[in-house]
Amino acid sequence: MPRFLWVPAGIAFALIALPVVGLVLRTDLTRLPELLLSRASLSALRLSLVTAAVSTLLCIALGGPLAVVLARGRLPGMQFLRSVVLLPLVLPPVVGGLALLYLVGRTGLVGQGLELAFGITVPFTTGAVVLAQTFVALPFLVVSLEGALRTAGQRYESVAATLGASPWLAFRRVTVPLVLPGLLSGAVLAFARCLGEFGATIAFAGSLEGTTRTLPLLVYLARESDVDAAVALSLLLVVVAVVVIAVARPRAVLS
Amino acid sequence: MPRFLWVPAGIAFALIALPVVGLVLRTDLTRLPELLLSRASLSALRLSLVTAAVSTLLCIALGGPLAVVLARGRLPGMQFLRSVVLLPLVLPPVVGGLALLYLVGRTGLVGQGLELAFGITVPFTTGAVVLAQTFVALPFLVVSLEGALRTAGQRYESVAATLGASPWLAFRRVTVPLVLPGLLSGAVLAFARCLGEFGATIAFAGSLEGTTRTLPLLVYLARESDVDAAVALSLLLVVVAVVVIAVARPRAVLS
Amino acid sequence: MSTGVEACFVVRRPAFTLDVALSAAPGEVLAVLGPNGAGKSTLLGVLAGLLRPDEGSVRVGERVVTDTAAGVHVPPHLRGVGLLAQQALLFPHLTARDNIAFGPRAHGVPRREARARADELLAGVDATALGDRRPSQMSGGQQQRVALARALAPEPGLLLLDEPLAALDVDATPAMRGLLRRVIREAKQTAVLVTHSALDALVLADRVVVLTAGRVVEEGPVREVLARPRSAFTARIAGLDLVPGVRDGAGLRTPDGLLVSGRAEGVEPGEAAVAVFPPSAVAVHATRPTGSPRNVLPVRLAAIEPRGDVVRLRAGAVPGGPVWVEGLAADVTPAAVADLAVEPGDDLWFAVKATEVAIHAAG
Amino acid sequence: MSTGVEACFVVRRPAFTLDVALSAAPGEVLAVLGPNGAGKSTLLGVLAGLLRPDEGSVRVGERVVTDTAAGVHVPPHLRGVGLLAQQALLFPHLTARDNIAFGPRAHGVPRREARARADELLAGVDATALGDRRPSQMSGGQQQRVALARALAPEPGLLLLDEPLAALDVDATPAMRGLLRRVIREAKQTAVLVTHSALDALVLADRVVVLTAGRVVEEGPVREVLARPRSAFTARIAGLDLVPGVRDGAGLRTPDGLLVSGRAEGVEPGEAAVAVFPPSAVAVHATRPTGSPRNVLPVRLAAIEPRGDVVRLRAGAVPGGPVWVEGLAADVTPAAVADLAVEPGDDLWFAVKATEVAIHAAG
Amino acid sequence: EPGPGARTLTVFAASSLTDVFTELEARFEAAEPGVDVVLNYGASSDLAQQLVNGGPADVFASASTATMTTVVDAGLLDGEPTVFARNRLEIVTAPGNPEGITGFADLARPDLQVVVCAPQVPCGAAVEKIETATGITLAPVSEEPDVRSTLGRVTTGNADAGLVYVTDVASAGGAVEGIAFPEADQAVTDYPIAVLASAPQAELARAWTALVTGADGRAVLADAGFVGAP
């Protein structure tokens, strides 16, 4: 590795770390316990963790196969499909939330159907939070995993086939273990994105304490009355994320 | 590739595409030209494209080396550094913007220094938009590229060294071409994230037509008074993103 | 359960066209010889189903697995065809044992049984100590051994082997060759074997196909093709004399009861065997020689074939003498021919030292 | 500009320890022989600087490039050491030509010149047609050739070659060996050569090191080590007789003016050469034989060495006869020894057919 | 924990009402045992979109009449909206007013970094009205999408002055100094409240509206700096 890469790398790292350090320094630590242990914070934290976890699993379950199809499938117009997958990244999250609302809201195309068929209303439920998070986080998982699948190539899958393994077996026992680092970093990205998701959630799921008010929504609300509280709550989010990621990441390196 | 993966892949694709299709269907096409060709839209579009492009280049210039250091460097606590890099993902963008403001704002640690030394004020300038976008988009580039670097491994770099290539030459002529697909998909992710960036920009750079009001900010504002206009403008954003990505992507596949 | 194979196809590439027709009967081993870049690996890829030919068809057993005209292309894992590719490509995330057990597991063999089979094969390739190692923890030759074991483990109806004995050390080569022989010859396994060694072809194969620049230039029983090479490449790769019989003590007993002395490699007394030696090792005498050469054979000179800077003397049988000398070759220098002043029809003695004769189990 | 190398180090792995001391003088070629997993590739990795030993030091030329005690570890690209690894590992994004030109370019050779050198080397490895191909468009053997050319291109002070002649076809092997010889012997290139072939060692190397299970078990001039093997492995890999001289017409002229007939490979008349033949090809006679063997040498039996199922007869010089027969070996069966009823001190004739004698340019 | 037969009242409220409504929630729940008030705070326009798309609310309290009109036009209301509070702009500066700003006209000084709300949001609409009325055009460095952002610019010292609501100045405590100016009276923002036609808890909804518009509500609103309803 060329030595002088440390210089831009250091700048990049500072660009990320210094603002966060600044936040920490600004925080009035004596008020922290009171802020973080309030009922509202704890409930938002619990909700954030649960929804982010469920959404990440959904991203893996749905986005994983989509990445495989994009990396291995032979379909005309694949290039176009690949661009479409990136849309949630570009769409301002609030607009994304509106789009979901139009589609799955009570008056929406799918929403009406769901209500008629099953009596289910999606918006303003925890399910809506999960849906909003999954929508915005899916591209992260898909793009990371597709890259890993392309880099890994199909050589080992071919070897498995010549040993008599069906595509499904080869997928489970060869492809998945080989791209596990890529899958895990994709999942970490998706989880982080879910944890920080705000715009789509507030537009689609609303901000109801205990049901849809995740930590970022609480931060937003706290900002209305008390900026310092908002900053303190963001730090809680940061700490939670770093802990979860530090727990999840080492496996990526081991495998 | 196991056939039945098409089913979850199809669901994932629908989850992304249907809301967007819903948006398109809702749009009053007759109003589009008027909306999109307004001075405000055109100026926002231009600003968005320019800042997203510059920020993406900055992400490559700074995040690229950071990814290399994270993937190849041997430093105690690398795992921790790696988690820190993900912070901008987790931090609600508005809080990220606040953090930048605290640091680089007029009263901030770095900001004061800049003002004293060079008479530069960063907030409310186009530079602030670029800084905000770079801050939020860096992790995308770093994580994608680090994954690609890990997958590519160091074997070819070793070969280059035994042929007498210095680390810098090996980096340019071997490492970079080999991870080009990963770099490009990281850059596409970063570009898309820059294009859609709202929260950090509004909190740090402000919102002034021609200087700091990018397309997402315009969409956000428009939605306050005219939701249909906001939706139409988002679609403009979507179209621009798809075009830019479709132009940038094929190279990733060819190489 | 072993299956035959029949293939006739064309693969077109920018600067290369592979256009072949070949077949192997059930239980037959077909060797494929040819220079670098002749299309041998490409051929195996098509048979395995990893490559689709541009035209043509492949039949494995009763089943048409590729037919471009009919749009048939059975995927590799449903062909019952195993492939040992030129590069080891061991699964990097699995131990040697799990790499070998992968195939049996894919065929539904229970885990315990699959691992037992893997351990057996590990012992077979002399790599028992490597069972728990990952590929990154093995040397090049060790990886090659494990790859060989992995390819053999699922016992496919048709086995394709691309240079299975490359990268092995001098100790390992005969041992691995012996293992292959047991697995593919004794089990009547249909196999297609790419090799650069005439000895491998002689020991392991029934028939041989010689490929040059994408075309079959020669084809037939191994001994015939190598004995009467029609292409320059075959001529260079061939050049071994071969006597069939049964191993007996320190040598090989021919059907007519004569003993050919030699060094037995991996063959038990009483087993069918061949004695193999290079024509360059055959000394030619006008009178019966005395001395160390143990094998002194009366022959009647059938032909004198100049080839480059040596002359090949081709033997016929002497009336009353052993008939199996027919076709044996001796390579001598032109000066030696001049000295001996021989011509076809003359009776001569072919002498071969026992140490030059390798006795292998019969192909 | 060629540099010597001196190394003494220990590499420890869970189930393996490499503990060696070796050196090569400037311009010397050192062959490394040993079974699979002996540590040959690991050794080259340490010399190239890709692996750090657990203990010990490496000196290249005047420079200490590794010294664990002093914490010295010069990175690979500053060592002036080139490595051809066991796996080709061609850069997948570059054409064959650009792969080869990579090294010269890294050393500052202008693009045009580097490409010219690459084209020259492409011709040398008989791969001119592959210049514009990417590795994925080449066969296994073609990749190996290009990898060899790439390793030779930068003309490093010390060249490390890990089985450079594996995966090549019968046509290519002698040609590549000839190329290597020109490049490393004639240019007085210091080199360490890992090989499984005694012939490669004899033709290309001055000295040999035999490695078994991570330790040097034998070491010395190639001919001496192979002639008097002390380990089982060396005994099996060795077993070639060698006569030095100068090529002359159809054979080799020894210093005392005698002619050894043989087949010359890549050596011009008048050039220094060695005649090489396997002891198993030597026929032993009590009286001077007549017949096709062109080379009939008077020897006085120096020793009888039983080795497994053959007996090696070691030659000494007959007073007044050629002195270079000293040390030549003939492998014969025990039965033949019994027949001849010889014992040390007896005068005998060693007969070798010219077709069994290969004449190579001298190492 | 609400016991059996517990009822839930869902209130969609503009986020600028967070403090006031959270205070009123406590009073309401104390007065009506077994009732759980669930507050959904958001930008008024987002809330209106949610309602138009079937959001299940009993009461909607908006920070602008324009957004309320969206809901009225969609025919979602039970009755007419009532204006329950009004808000007025004030100039906000750093404590001690270091730049010596005395009135609206000072904001046009070229040496000042001034921030205002964008015209698309109520507080920005008010600025626009004042500009038209006075003929003074400001050259702000930023037009913020909501009033909290505008306030934040001044509290963090990145802008010299801004135009925010009186309520915002009050909530910021001593971090800023508010300067009232007479032209502000020409652009007062109305906060309307209404019960939805589809309200599952219409009765409770009316009770909530009564609380907000009643004496208690006015007191809390006044504490926060709101001007009483006309």
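Order of writing sets the labels: A, B, C, D and E. Residues in every chain begin at 1.
Note that in this section contacts are C-beta pairs under 8 Å (C-beta built on N, C-alpha and C of every residue); 3 or more make two chains touch, one makes a residue touch a chain.
Everything numeric here is computed off the predicted structure, so don't read it as measured data.
Between chain A and chain D, the least number of touching-chain steps is 2. Any chain bridging chain D and chain E, meaning touching each of them, is among B; the list is complete. Chains that count as touching both chain C and chain E, per the definition above, are A. Of all chain pairs, the one linked by the most C-beta contacts is A-B. Annotation: 33 Å between the Cα-based centres of chain A and chain E. Here the spacing of chain C and chain D, counted between their Cα centres, is 27 Å.
Separating the CA-averaged centres of chain B and chain D is a span of 57 Å. We define each chain's centre as the mean of its Cα atoms; on that basis chain B and chain C are separated by 59 Å. Multi-chain contact residues of chain A (touching two or more other chains) are listed as 94, 98, 102, 108, 166-167, 220, 223, 227. Shown for chain E are the residues in touch with two or more other chains, namely 46, 49, 152. Chains that are in contact with each other form these pairs: A-B, A-C, A-E, B-D, B-E, C-D. Of all residues in chain B, those touching chain D in their complex are 155-156, 158-167, 169-170, 173-174, 177-178, 255. Contact residues of chain A toward chain B in the complex are 1-9, 11-13, 15-20, 22-23, 26, 61-66, 68-69, 72-73, 79-96, 98-100, 102-103, 108-110, 131, 134-135, 138-140, 142-144, 146-148, 150-152, 166-168, 171, 181-182, 185, 188-189, 192-193, 195-196, 198-199, 216, 219-220, 223, 227, 230-231, 234, 237-238, 241-242, 245-246, 249-250, 253.
Chain E meets chain A in the complex at residues 10, 12, 15-16, 18-19, 38-42, 46, 49-50, 52-56, 148, 152, 155, 171. For chain E in complex with chain B, the touching residues are 43-46, 49, 66, 113, 115, 118, 120-121, 140-145, 149, 152-153, 156-158. Taken together, the chain D residues at the contact with chain B in this complex read 48-50, 75-77, 80-83, 85, 89, 91-93, 102-103, 105-107, 150-151, 153-154, 156, 160.
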